[in-house]
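Please find the structures below.
The two complexes that follow have subunit A in common; it is paired with subunit B in the first and with subunit C in the second.
For the complex of A and B:
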């Protein structure tokens, strides 16, 4: 029984990170209709930014969150303005190719700069934990979850309250109408793509605390971002959050499945991905717009 | 700027980054060209680079010492690489390109069992011999392939030394928990460890796998913790070792020994984990303190000699990936010399008959092409340095057992 409680906690802690991983990806996809295959590469850059700040200047990873955000936001903004902007209205294949190429380019540059060595951010408090009843909670992952919730909260408030945020949502609803109301759409797209990259950078910082860093570390997260987005609903903050938590909890509970059929032993932990994807399929059949996604015209 | 132009631009970016810097293969008749698809990007990039270093170190030595002598004539050697991006199918495609378009003489194996397996299928079709030093899954050797030879001990042996060691302590370790990634190599390592533990009277209290793309293993660790094992083993690669070891500390899982199939041997393990890396055990194909002496000339005679020269060249101690990769080259060198010709079929036959002791240990293949004759060693990280602790006859330090609690290392 206590294992189930532990699994729930593990799932929520992992899900919080997945929510941030998916948030930027979801905004770019939902608002610009671009499936940003370079998202994993931005996550990796965020992790390296944290690593460099930590090892060279002894900056605590949590303090480097805003730095990762600003660095990656700037990079994303520039990339959108001078590259992606050209394919925003093009068929999806063009943006697919472009962002895939970008991803390869960034990963290969990272290989030159940082080599393929695997590094890690190990702080003095990494691994520290406390026990609540029978459940062990690692501090780092709890802080990470709190940071993740704070970031999604800030994003939600900003998108609904601020002028730019409202312009972004207007653009997502109807580009033409937004333009007629005086929204400078290219500018909005650059901000959204910058946000996507910035949030990926933040996710990279959070991930670096528990996951090994190397130039290809972004790949598995890119795939998870994709699933989380579709699961929760595209283009919204709450979609990413609910999707991330759901995915984390499903994966966590999947490890408990242990069935023996005849001589065939089936272990759920080896099938985590498969189980999560089956759940995705069911959600798509029952609620094609995702758990909290809104139907669009 | 129109869409078609941009699509073309995108594809161009793609092609430019995909194509590795290509060095034209020498058409010189006095050069033996080896080809190797190797993981320079992707999950296995680190291990792939270690593999490449091992190959290049041999190449530099051989070329500086007159090359390989074949029937009275000396040949220089060259190695052509492509990046397989840690993908099994890509490795196979690239091996085909190396053989069909680049016309390499022989194939040196990629890193990893998955890639070695797909390339093994290809060299079988092309009848070009491959010697590999980095694919230990026995699956590769149970297909009846004739052209693939592996210089390493089989995967199932990787964690046996750690079990043997912990079971010989007083009091002896009784219970074992095993976690394993889902790839072929890791699964064989885990199965071998479980069988060995059971055969030696230890109880396997937890044995489970996770997808090799896992980004979080907390729940596996929670389940493992509930079984309270004496020994915790992980069958996987460097990434797995780092992820699992951090996870064990986060959940305060205390065991008497922690062992990994791949990880502790690469310097990255120590730099990434700091003090937490201390007292961790790792199975290894080789260490620079093994006491073999080469029984024929042509390369460094002993492990320490190899290690010194290697460190001078690459500024880090050679780990077993480096050594086994170099050993794969040595197998070719001695087989080609004894064949007296470059004919692939004759070189294959010479490989099958090879029986040589090198700095790396014995290189001799069973009827399946696998080097079952070489024992493995067990290393431990002590005060940030990797030392060999098992088997006793080759150990340079006594194992720290039981491992002190977290925070006291």
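For the complex of A and C:
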């Protein structure tokens, strides 16, 4: 029983990160209809930004959250303005390949700058944890979850209350009508893609606290971001949050699978991509609009 | 939409009928036949380079059937390459060292897998289909890495013939690419090809006209899978070693797509032209920029998508020169 509770808590703690990972991906997909295959690369850049700030200037990773955001927002804004904007209304193959090419480019630049060696961010509070009943919770992961919840909360308020946020939501609903009401769509697209990259950067910062950092670290999060979006419902903040937490819990339990058939040992922890695919296919068949998605989404 | 009106629509789009420009096809056919002579040079490096080009060409033809002709953007065709490679690997560890058997088995196993996974997955469209296929490739790599019978993540050594007979792999790969090309030509001109294009242009309209879309989509996907599977079955012994990260590499998933776009999507000559240029360029980059060649490859993909989204053949057939070309690039701007 206590193992079950521990898995549940681990799942929720990991799910907070997944929610932030999926948030930016979901915005770009829902509003621009672009599957951003470079999302994993932006996560990796956010993690390295945190690592550099921490090792060189001793900036606490949680304090580097806004710095990661601003750096990656700027990069994303420029990439949308000067590259992706050319194919933003093209058939999906163009944006798919373009973002894949960008991802290859960014990851390989990172390989030259930081090499393929794995590094990590180890703070003074990294090893500390507390025990509640029989469940052990690392402080870092709890702080990460709180930060993740705060970020999704800020995004939700900003999207519903601010002028730009409303313009973004209007563009998502009907581009033509938004344009007629004076929304400058290319500008909004650049802000949305910047936000997507910025949120990926923030996710990278959070990830750097509990996962190893290397240039290909973003890859596994890309397919998970997609599954979380489909699971929760596309293009909404609450969809990303609920999808992230749900998927975190599913993954936490699924990776505990440990069976031996004959001489073949099967362990769920080595099958994360296969688990993601199975969840994806089941959701697409059973409830394609996701947990909180609208029927039209 | 009758087959004649599909052909007329393609001609208007500058694609010169369902198989593309006939001159380009004749040129590609001639180059292919010339390539039969490569082993006569007795240069192992050169043979290796051209075998890679032919391998990518076969994979590009496989992708072209589903992604180009049928319009379903697959990001998982490398799965079939991997299945073909592992068929050859399994045969090898059980002492069967016959290339023809490996090719046939690799192609059939890939087609079978394509049909089984295609029936649920091909119901998805657009982004969902693309990501689901991407996920299939990643999931297969995961599964193979965890199966002891397939060598797990440390891979399998595959038996190779001695140096004197090594060119057999080149000829086998040539045959796979040649059959893929001629097969594409024949399929495109048949009822099958017109059904694929009709689905691409408008799936609902095609269904209304009595085209059973699911059946044709699965057929396109399975025939394409056979091409990639056969290429994988030759690759495994030619490389002498396979593991999940080589045979299910995401890069190998996307290169054939970039090649098909560069050459001309939904044409018979396009995939080969693209493979010749991009696999050739990749080889040169690998030689001169050991560390940074993938970086350049990423940059090439970005440039192709932005500047040559309709491929080289479209560019050559273009009326109106640079102006029309520049204008065409802004067509999809926000």
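Please note the rule applied: the second predicted complex is superposed on the first by the 267 of 297 C-alpha atoms of A that agree within 3 Å, B and C clash if a C-alpha of one lies under 4 Å from a C-alpha of the other, contacts with A are read in each partner's own complex, and residues count from 1 in each chain.
Definition applied: a residue touches a chain if its C-beta (ideal position, glycine included) is under 8 Å from a C-beta of that chain, and two chains touch if they have at least 3 such contacts.
Worth saying up front: this structure is predicted, and the values here are computed from it rather than measured.
Q: After lining up the shared chain so the two structures overlap, which partner does A:98 touch, if you call subunit B first and subunit C second: first, second, both or neither?
A: Touch partners of A:98: subunit B and subunit C.
Q: Using the touch definition from the top, say if A:29 reaches subunit B (first), subunit C (second), both or neither.
A: A:29 contacts subunit C only, not subunit B.
Q: Tell me the contact category for A:267 with respect to subunit B and subunit C: first, second, both or neither.
A: both
Q: Just subunit B (first), just subunit C (second), both, or neither: which does A:86 touch?
A: both
Q: Does subunit B (first) or subunit C (second) touch A:186, or do both, or does neither?
A: In the superposed model, A:186 contacts subunit C only, not subunit B.
Q: Figure out whether A:255 sits in contact with subunit B (first) or subunit C (second), or with both, or with neither.
A: A:255 contacts subunit B only, not subunit C.
Q: Return first, second, both or neither, reflecting whether A:122 touches subunit B, subunit C, both chains, or no partner chain.
A: The answer is first: A:122 touches subunit B but not subunit C.
Q: For A:74, is the partner it touches subunit B (first), subunit C (second), both, or none of the two (neither)?
A: Touch partners of A:74: none, neither subunit B nor subunit C.
Q: Looking at A:108 after the superposition, I want to know if it touches subunit B, subunit C, both of them or none. Which is it: first, second, both, neither?
A: Both: A:108 reaches subunit B and subunit C.
Q: Looking at subunit A, which of its residues have contacts with both subunit B and subunit C?
A: 86-87, 90, 93-94, 97-98, 100-102, 104-105, 108, 111, 219, 223, 267, 270-273
Q: Note which residues of subunit A are touching subunit C in the complex, please.
A: Its residues touching subunit C are 29, 33, 35, 83, 85-90, 92-94, 96-98, 100-106, 108-109, 111-112, 185-186, 189, 219, 223, 226, 230, 263-267, 270-274, 276-278, 280-281, 284-285.
Q: Quick one: in the complex, what on subunit B touches subunit A?
A: It is residues 1, 3, 6-7, 9-14, 17-18, 40-43, 45-46, 48-49, 86, 182, 208-211, 213-216, 218-220, 222-223, 225-226, 238-239, 242-243, 246-247, 249-252, 266, 268, 271-274, 276, 406 of subunit B that touch subunit A.
Q: Taking the touch rule as given, give the residues of subunit C at its contact with subunit A in the complex, in rising order.
A: Checking each residue of subunit C against subunit A gives 67, 73, 75, 120-121, 124, 126-128, 130-132, 134-136, 138-139, 141-143, 145-149, 250-251, 254, 257-258, 261, 291-292, 294-295, 297-302, 304-306, 309, 329-334.
Q: Applying the document's contact rule, which stretches of subunit A touch subunit B when the two form their complex?
A: So the residues of subunit A in touch with subunit B come to 3, 6-7, 10-11, 13-14, 17, 86-87, 90-91, 93-94, 97-98, 100-102, 104-105, 107-108, 111, 115-120, 122, 126-127, 129, 131, 136, 138, 140-141, 207, 210-212, 214-216, 219-221, 223-224, 248, 251-253, 255-256, 267, 269-273.
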